[in-house]
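In this document, chain identifiers A, B, C and D correspond to the written order of the chains, with residue numbering beginning at 1 in each.
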């Protein structure tokens, strides 16, 4: 049981590292989509004790949103704005990986501080979730393009999803769907904003979005 | 009843998207706003019962914040109608650059406004942490288009920041919810299955402490971002300064309170779990940092809407400080929520009037307001004294009570920082706002325009808000007093 | 009591009515003035009754705000302060009725009347309030209404800045009062004054000393203790003159009132309180008058004199407090009586002087002493009344300023001849009072001499006109007040026993006994003074008789025999008159001189001018504020506009909190 | 007894103009001149009373009131000042304060009258007068406080009555300091060398004289008589301290004191003849020094 799930966790970690090291936006989006798929698999693997319908609805909507709709939205955004690469991120790719390792260590440490709710859960679950969240945050902080930031937000959401799906068993479907819906609308509106940004500024560099300051 | 209150604005919002006639749509806005207000008022005499297994219920803090929201929305709707009429007649000229830009379609604006109301109605009645989260996230989504009403690049930037920062914050709050769920599931004998506030509070003693702490921290940072606690407040000045004034008023007066309520819910659990001091110290810390941070940016601020926004940061700090101090200060904090909402909304509305006339958000461009728009300028000065806690305004009483709480708890250092910051902020705001009102008229405006006519739509709403703060300072009705006390007791206050 | 509440109500009502009658300046003025006059007269009735009978009248009802109750009480101490608040304000308002007419075209008079009447009403409420919330509300309305009066001519930059300085200063003071009252309230469990329990020393680690210092700063800011006085010389010149008169003559006394009232809560004072008060009195008195001498703007000069007189009052109170701690009933009686009498005296002559300054501005358009001269011939009424005020404020017999200073002197001397008394503060009192007296006389010799005597120094002063009869009669009323106080001083001194009893808690009868000799001395002084006045009459008659048959010529002033009569510009100026003294005290003043000496054999232009800005304002408050602004400008990078770093703030905050709380 | 009340005032009114005469004769003696007659001041007064007056067109009634007030104040001061054990008409605690302030009134109005002329000279004199008197007043009052502390009394009569040889033996060092300080005040108040030279003829160097340049006739007479009375009053104060004679014979006491006053005038003459005038900017130093002495005296006298 543990070993199977741990493979998924390892894959998620690898996906995170890939996100940190790739400059191609297209690749990044695809990696995020794959991560979404991994989440669906993870759901399937952990939610064995719940009604099948509930789990399948959740899995289905996860796949649809995280692996199909969001990536498509973002792919369109980079196509429209002709932004293929993250040219000059604030933090270079090599450093990003180093930061990634540090963040991984931090996650492991934090994970050790919090007792696991029950022994059946893999001890990797918590660190992986935290790692994914932090990588998402790091992507937002270190990348220049608006698309990367949305991507970072998605990765962060993925991390929270990992957390939720592994640690919290009894949360109701209603809430989970609400969460998904909100994320969906959020990303959708962000997409609209990206569209407006690229039209208004002819680029997607957020560092030029800094006229409002003191 | 609760359901009606919730569904009415949603439906009205949906409908508003499709109404062609401006007049009918505006009528709908007003009607919905006032029906909402009327319905909320009836709750004061007869509190509605819980719904859906206690998921939706109106306790004292909920009623308090719902009423604030509803009242503000009613006033803002009146102002908003006047605003829309004005915007229609003069297409937006960019305040700083003189270029022209389009506005978002009025139907979208009105629709979003109503849905925004619906989401803000949902927040105070949610008794389930997950639902609360959904509601707060929806407020962000519903308000983003409102901020982007004037379609120019600065408002776009503001909206982007608002959206991104608040989304990240809210995501962390979600993590916090999960943490609390984990904390609850630890209880071996009787695992709490839901994130219902009532069951969490009753089971609080069995919650796993580290998870609860982690959850509280995530919620505090997450919702704190939305509430505008420093250093998480960074979106706030941008969004408030770029959105239309009526939206700024709602953001500042109602939305921030919603996030504050969410933090209060978390604090409720902490209190029940015996972590009172843990939560309180954090709230005091954030409160003081927010106040100091606001003071830094209010001094010599060049943009008066940003100044008001920072003042909101300050007051959110005061609210958080009050709750953090516990004891009598919590009552002060609850009271302050009303006072701040009314006076800040008033100021934003008046700022809107000034912006219309002077066509600039820069402090230096607004000169001799008392000569050009006497009524608005007088309200502006009244607002200054209301927001900075002068008697006989209600803010004086609430800030006084919070100070009293700090001293009664023996936290003299906190009291000193609190007073010093208030003094600096007063100095900063008064210097800016009085200069705007009193200085000599700019030659261009003074000679060409003379005294401008001020319409009822733009004067009455802020005046009403000002009157409310004034009346609360002179006479606190028993009904409000009771609800405030009840609310304070719920979140850890005494008597 | 109800009469007084009615007066307050009438004041508020007439103020609002005046505002709404704002379309016609005349009607609004009539409503405002008559409302104020009627209510002041009505309000004086209970005040005088309470003061003469020594009774207490109170009224208490529920007031629905947290911690608040509508609890007002009129005891002898309140009644004593009501005398200037109602009496002097009424006269000033009367003056203002005519004075403000000049501004009717450029400003809305309705507002001015609203604020004046609110100011008077709030001052009344301040001295009768017996609940902290009520007190603070009244206190702040007082500050606000006076702020709006100061900025009456808000369209002038200087006025605006002065108003702002005042507003900030008064708010800083109030911050201390908030803490003071909350601590008092916490000690007794209620914010009503009768619950304050600090008489027993300390409450959870806070000793009465802390509260005393808080009161000194908080109330001292309003009263104008150095170094909290910085707003006075700014605000008073900016305000319309009748408002300056009310503020300077009456309003700042509420600070003294507050201090005295606080003393009643704090129990028996340790000796150092008396030392501190005397120290404050000395510095305020001497520095106030030194700064006054260095000023050239008449109203600024008068404002600094308020600092000085507050210093004298504080000296009196200091002697009284010292008397309590060393148990010397004579010092208690004389010190407090002198201080309290000076409160009333100062109200009369200071407002008289401000009204006089107002008349000068009215007539010449300037208050710059160096541009005036020779006004006494054209404005005899203003001149004579101003002279009376000047003699009174210099503490010279036969006017009222002397009486109160005399009492304080004797209080100090009484202490100085006792064995057990600490000598140093008393030497300080005597020396500083004498110094203040000499300096004040010098200052008013300058103020009156340069502006009213000699020849006109500029076109402004060349053709002034005497002011209207209402303004004239208000000044005459105040001048008459100064004289009447002297005549009735032996009686008045007895009336001081009940307010002193309120402050000290001693029985009225024993205080009355202590004051009896003082009353006899004052009788003797009255005799001396009346003989003196009679003597002057005789001397004048003798001279008249001597000169009746003789040749009396009119000619030019002696100017070493030059043929051309000296013009006004040749005269001594205020700068030159004050220069020896400012030179002497430049260590404290920091006077800057602009001196262009005459050069060559046929020098063309040379000039001498001195300027004395307030050292405290510039070096303490100025640096404080510029430091704050500097700091805030350094911290502003925080809001740099780059969204990804904003996210970083959130992440770092969360991580730090997590690490801190879980690690 | 009541007749005794009037003795000192009568004596003073009659004999005061004698003092400047004595001083001047002493100075003349030291200068090797014959000098003016002893009664010169009386002659001057008589002459001035007979004259008319010239007034400047600039002046007002205040100019005419100045001499009256300064003379009136000086007359009252004399009445308040006891000579030795002779009682005064009015005696009450703190009467010396009234005395000091009466002198101040006289000075204030002299200054006013000076400023009324609009003359630069007189303005200058007024400014100097005010500067020095402002410094002299604290010295005088603190000195009196020291006396009061020494004797334990607060009226001039009691102070005069209580200073005895015994007092000198008890706190003589304090009394010496007081005398020195009061002497300084005496010199300043009466415009004597080394502070001011009453005989100078250059306006720019004058202090007191320059203020009365424009007065003539009876006005000047009032002023001259007033300053003679002031000289007398302060001399009496000093003599009361320096010659504390309290024998059983009141008449003897009075005569000794009177002789003391006359001798004091000679001493002043000697001082004036032997000292040079101080530079104007040194005078504040001189007075502050005197102030320090009086404070020291107050501290030394422990009783």
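The rule we apply is simple: contacts are C-beta pairs under 8 Å (C-beta built on N, C-alpha and C of every residue); 3 or more make two chains touch, one makes a residue touch a chain.
What you see is a predicted model, and the numbers here were worked out from it, not measured in a lab.
Engineer: State the pair of chains with the top count of C-beta pairs in contact.
Structural biologist: Greatest count of contact pairs is found between chains C-D.
Engineer: When the centre of a chain is set as the mean of its C-alpha atoms, what distance in Å lies between chain A and chain B?
Structural biologist: Centre separation, chain A to chain B: 31 Å.
Engineer: Averaged over CA atoms, how far is the centre of chain A from the centre of chain C? Could you give it in whole Å?
Structural biologist: Distance between chain centres: 70 Å.
Engineer: Quick one: report the Å distance separating chain C from chain D, using the average Cα coordinate of each chain.
Structural biologist: Taking the average C-alpha coordinate of chain C and of chain D, the gap between them is 36 Å.
Engineer: Counting only Cα atoms for the centres, state how far chain B is from chain C in Å.
Structural biologist: Chain centres of chain B and chain C, defined by C-alpha means, are spaced 44 Å apart.
Engineer: If you look at chain C, which of its residues touch at least two other chains?
Structural biologist: 636, 639, 641, 643, 647, 650, 658, 662
Engineer: Which chain A residues touch at least two other chains?
Structural biologist: Chain A, residues with two or more chain partners: 113-114, 137, 140, 149, 206, 209-212, 214.
Engineer: Multi-chain contacts in chain B: which residues touch at least two other chains?
Structural biologist: 160-161, 164, 168, 210, 214, 237-238, 297
Engineer: Would you mind giving me the full set of chain pairs in touch?
Structural biologist: Going through each pair of chains, those in contact are A-B, A-C, B-C, C-D.
Engineer: Write out the stretch or stretches of chain B touching chain A in their complex.
Structural biologist: Residue positions touching the partner: 128, 130-131, 133-134, 137-138, 140-141, 144-145, 148, 151, 153-154, 156-161, 163-164, 167-168, 170-171, 174-175, 178, 181-182, 185-186, 191, 193-195, 208, 210-211, 214, 237-238, 241-242, 297, 301, 306.
Engineer: Inside the complex, what are the residues of chain C that reach chain A?
Structural biologist: Residues 636, 639-645, 647-648, 650-651, 655, 658-659, 662-663.
Engineer: Would you tell me which residues of chain A are touching chain B in their complex?
Structural biologist: Of all residues in chain A, those touching chain B are 113-115, 117-118, 133, 137, 140, 146, 149, 153, 156-157, 160, 163-164, 167-172, 174-175, 178-179, 181-182, 185-186, 189-190, 193, 196-197, 200-201, 206, 209-212, 214.
Engineer: Note which residues of chain B are touching chain C in the complex, please.
Structural biologist: Answer in residue numbers: 160-161, 164-165, 168-169, 172, 210, 213-214, 217-218, 220-221, 225, 231-232, 234-235, 237-238, 278, 282, 293, 295-297, 299-300, 331-332, 335, 368, 370-371, 385, 390-392, 396-397, 400-401, 403-404, 407-408, 410, 415, 419, 422-424, 426-427, 430-431, 434-435, 437-440, 473-478, 481.
Engineer: Quick one: in the complex, what on chain C touches chain D?
Structural biologist: Going through chain C, the ones touching chain D are 373-374, 376-377, 387, 391, 394-397, 402, 406, 409-410, 412-414, 416-417, 419, 423, 426-427, 430-435, 437-439, 441-442, 445-446, 448-450, 453-455, 517, 520-521, 524-525, 527-528, 531-532, 535-536, 539-540, 542-543, 546-547, 550-560, 566, 568, 570-572, 576-581, 584.
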